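Input: a single structure, listed below in structure tokens.
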Amino acid sequence: MISQDDELYKEVLLDHARHPRNYGVPSHPNVIVESENPQCGDEITLYLILSEDHSTISSSHFTGQACAICTASASMLTTKIRNITLQAAELTAKQFLSMIKRPPDAPSADLSGPLGSLAALDGVRKFPARVKCAALPWRALQQALQQASTGGGTSSLEIRDE
Amino acid sequence: MISQDDELYKEVLLDHARHPRNYGVPSHPNVIVESENPQCGDEITLYLILSEDHSTISSSHFTGQACAICTASASMLTTKIRNITLQAAELTAKQFLSMIKRPPDAPSADLSGPLGSLAALDGVRKFPARVKCAALPWRALQQALQQASTGGGTSSLEIRDE
Amino acid sequence: MSSIDFSQFLLPDKLRDEFPILSQLVRGQPLVYLDNAATTQKPQVVIDAITSHYREANANVHRGLYYLSERATSAYEEARQVIANYLNCSSNKEIIFTRSATEGINLLANCLTQKLSKGDRILLTEMEHHSNLVPWQLAAQQKQLILDFVPVLPEQGTLDLDAFEKLLSREPKIFSVTHISNGLGTVNPIEKLVSRARSLGITTIVDASQSAGHKPINVQQIACDFLVFSGHKMCGPSGIGILYGRQNLLEQMDPWQGGGEMISKVTLETSTWAEIPHKFEAGTPNIEGAIGLAAAVKFLKKIDLQRISYHDQTLAKLAAQELREIPQVKIFGPLHQQHPPEYAGILSFSIKGMHAHDVVALADRKGIALRAGHHCNQPLMRRLGAASTARASFYLYNTPNEVNKLVQTIHWIIKNYLE
Amino acid sequence: MSSIDFSQFLLPDKLRDEFPILSQLVRGQPLVYLDNAATTQKPQVVIDAITSHYREANANVHRGLYYLSERATSAYEEARQVIANYLNCSSNKEIIFTRSATEGINLLANCLTQKLSKGDRILLTEMEHHSNLVPWQLAAQQKQLILDFVPVLPEQGTLDLDAFEKLLSREPKIFSVTHISNGLGTVNPIEKLVSRARSLGITTIVDASQSAGHKPINVQQIACDFLVFSGHKMCGPSGIGILYGRQNLLEQMDPWQGGGEMISKVTLETSTWAEIPHKFEAGTPNIEGAIGLAAAVKFLKKIDLQRISYHDQTLAKLAAQELREIPQVKIFGPLHQQHPPEYAGILSFSIKGMHAHDVVALADRKGIALRAGHHCNQPLMRRLGAASTARASFYLYNTPNEVNKLVQTIHWIIKNYLE
């Protein structure tokens, strides 16, 4: 363990970073977004499998090379947005991004709130240079959702600042 | 009087500045050099009248608008380089320019040296921004002497740094 | 001096205590610093902001993942926010740190002329500082553009607004104008000029070098596209300046300089750019410069920029009233008149029969710092028929007593030099 | 650690006392600052030089006729002389003050390509910092020039000299190369590279950002045409840098930026230029920056640049020896090898299974400042097959004890994060 009270490297986050969930290329994804943050070197590809009517995300996966924060964020994302509507996923992305962009001294996010265990990433606010690491998979998701609503496909995304 | 011991505005210098000698356009000059220092706004035109064989300066005059230092320097120049050979004038210009370019803390120039009363301009060294004011007429003279040795005529000169 | 008690309207003399340099003797006399249009003195809070940075927070900015780098980065970005607030920007992305006003204009002269064609026109004025003239000459030469100039009315020292209208009909693409003339102290009717030009679709640039830190500035009210100034003329460090640009325009522009910080993805062949403002900040910036400038802005806002403006003006007007009485003195610009058009704390004058260099060198003998010369305004000086002038420019730490000393010294100079 | 007593060859620990920032605690631990390749800390003498300027001598430089302006001007020009002496220039006119190394290269990329024609080639290397790459890409795009790159041998981290020879046969007009790689610590055989290129009439530029202030530099011995560096990487302020150029070349070049200070005669239509170096210093310069940089150079020379170079190298080598023993650690560049080719005090490494960001963020928990990322070297990183590395870079105030702490911390990170 790094430290009992490290505000960034929480145990749950390290667990996702060391053992990422839904890591790998699924067969027949409907949407693929290759995202990268060239300034850090984080690269995450996000895959969505949609329900037949394209209204719901059946499952999502990711691959790529990234730091612990970005990897954990992607891993937690894929566990969170399973069997929910595109709208619900969009809302989650929005909530997540607003959470991590609050000022460093804002009160801690609530683990029992709608974001659930994603609140473990809230500590990233205290480390402004890492906000974009946590944000990358969610930016990819936002782009993927837009694509999903217009028929799916593959695209890429380069994020710069957050 | 400005001050008994002002190192720049010496009484002899002020006298030349207020009552410049040889000020005006002579008839039939052999050489004319229009010199200026655009950064200060000093403008001096120097006129030489040469002996028939062009070996000697019979007289010199000047016109123009310039500060006290530049005007006095020009006025003293015209009184100094009268009835001397081109070579002697060249040497004087060289000696004068080296005098005013010595370091600010060098010992004072000798009023009984070859430059005579020109040594009154020696104090300019202590005011580095004014060195080019004192130098301008002498730079014009150097160009005029070169012209004199190649047949005379009119030219112009823009000085920048000293 | 006048018998009215101005002290109740002016800033208090004790402000001087904040500026360590002002307590020194120069040539055995108390320093009277009246060259504020060239550069200003630094209050202790600005010096402290810089030294604290060195002693506590120094690191390179951006992308550092350790404590000092985070601290330096936030200080740098907070400085950007302080400037954005001062100018009332809609976003702090609209603030680019440059070396100086000069660099800001060079950036614009380069980036905004990229897409212009041969024969396109740029409108300037006859009262521009060389920094708002020479960069356009360089660009015009390279891209075969034509420069036009709004004339200055020599008596009033103001722009000829009829001529401005006529020149607009030549359809310039860019109009770049100074807010306040550093040579004459004229305050241009900047909102009116900008709104007229913008209504015709012309890109507008304001050189705020003499107004920043001397007045409140509101870019949304001026409604210009770009605005530049330097930190050192407003109690800040040298080596730091500001370029304000409208977000959408900055986003459309290609970068000027390349290097670290301004890129996103780089291959050997080609690169993509960072978001604004970083796209225009190539290489390690002047970090302590930005921090020092922000400290200066906070200091000035606390005093109140409206009051500073009034203070500057009043001292210049007091000096003008006294100098106007001296027959050998000629004043240039608005303060030449008893009832001047809008003016700032800048007073240009000459003494008949004396070169300005001598006036200023002799004032120095009394500890007074004035500027002599063309004030980087050679074309304007030619227009006024003056090779050079002497200039006294006032700021918040100057006092009515210093105005007195200036006036007495001019009398002394005239008596001793001319008589 | 090794049992040899290095202390007799290394600089004394008490040098640290000159740097106020180094006595602070970071996250409850003594600060171990190992990001010197990004920027360096400032000794008290540099801080004092800047504050004394503000408290005693602040004024604008050039053409001021009063006491403060004379004092500021001499301090600024003396600073130029100090730099000229450090580099062994033949004249102080060869020293131009810029904002940074980045600005210096942008100036060159602009001015030196003015007269090139479509299809002309410029030779760089794969290890250039973005600052010595992106400006050339921008110029190449505008003027349709072709860039070639000397490859890096990934194992040694050195330039491929055979390929260099072949690329020379394509007759490049300009060859610009770094003295020391900021990503790998490689010290290039600079005299050899420059003399080979110059023998073919190629204009040569050296990026000395990592060598200035770390070694003696002699431009006449290197025999390059131009050389650039930044003040902040050598104990000086940020916002100030140096461009050295051969006098005759600088005299032939047209200016880049326009503005005050760099002109001689200005009319509305056209202008003539001041002499070098002023021709290339448009606008008010970073005066206190120049003064601070000169103070830094004096400080470093007093310590002895040769000793500083040895000190940096030795610490990097000690660290490499220890880290090389850890199976999960991979070292990049010369120190990868037991008997490395010439190297500087820069150590790049990665930990298998960890992203460099995490390595550096965790080192910060122990008060150690490292850098993670591409080090503004994206193409080089791609060449090495590493998205990013962690980098420890040493300077005169680092100690063998700090090397120990670094090594212990890497062990701690591996144990806690990977195991």
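Think of it as A, B, C and D in the order they're written, each chain with its own count starting at 1.
Just so it is clear, contacts are C-beta pairs under 8 Å (C-beta built on N, C-alpha and C of every residue); 3 or more make two chains touch, one makes a residue touch a chain.
These figures come from a predicted structure and were not determined experimentally.
Across A-C and A-D, it is A-D that has more C-beta pairs touching. The interface formed by A-C recurs in B-D: of the pairs listed in B-D, B-C or A-D, only this one shares over half of its residue-numbered contact pairs with it.
Separating the CA-averaged centres of subunit B and subunit D is a span of 47 Å.
Distance between subunit B and subunit C, defined via averaged C-alpha coordinates, is recorded as 38 Å.
Across the assembly, subunit D contributes 63-65, 69, 265-266, 357, 361, 373, 378 as residues in contact with two or more other chains. Within subunit A, contacts with two or more other chains are made by residues 38-40, 127, 130. Taken as a contact graph, the chains fit none of the simple arrangements: neither line, ring, star nor complete graph.
Of all possible chain pairs, the ones that touch are A-C, A-D, B-C, B-D, C-D. Interface residues of subunit A facing subunit D in the complex, by the touch rule stated above, are 1-3, 6, 8-9, 14, 17, 38-43, 65-69, 71, 127, 130, 133.
Within the complex formed with subunit A, the residues of subunit D that make contact are 354-358, 361-362, 365, 373-374, 378, 381, 387-388, 416-417.
Interface residues of subunit C facing subunit D in the complex, by the touch rule stated above, are 20-21, 24, 26-27, 31, 33, 35, 38-39, 41-42, 46-47, 50-51, 54-60, 63-69, 99-103, 105-106, 109, 126, 129-131, 133-138, 147, 149, 230, 232, 237-240, 255-260, 262-263, 265-271, 282-289, 357, 360-361, 363-364, 367-373, 376, 378-379, 382. Those residues of subunit A whose C-beta lies close enough to touch subunit C in the complex are 36, 38-40, 127-130, 158, 160-161. By the touch criterion given at the top, residues 63-65, 69-70, 73-74, 264-266, 272, 274-275, 278 of subunit C touch subunit A in their complex.
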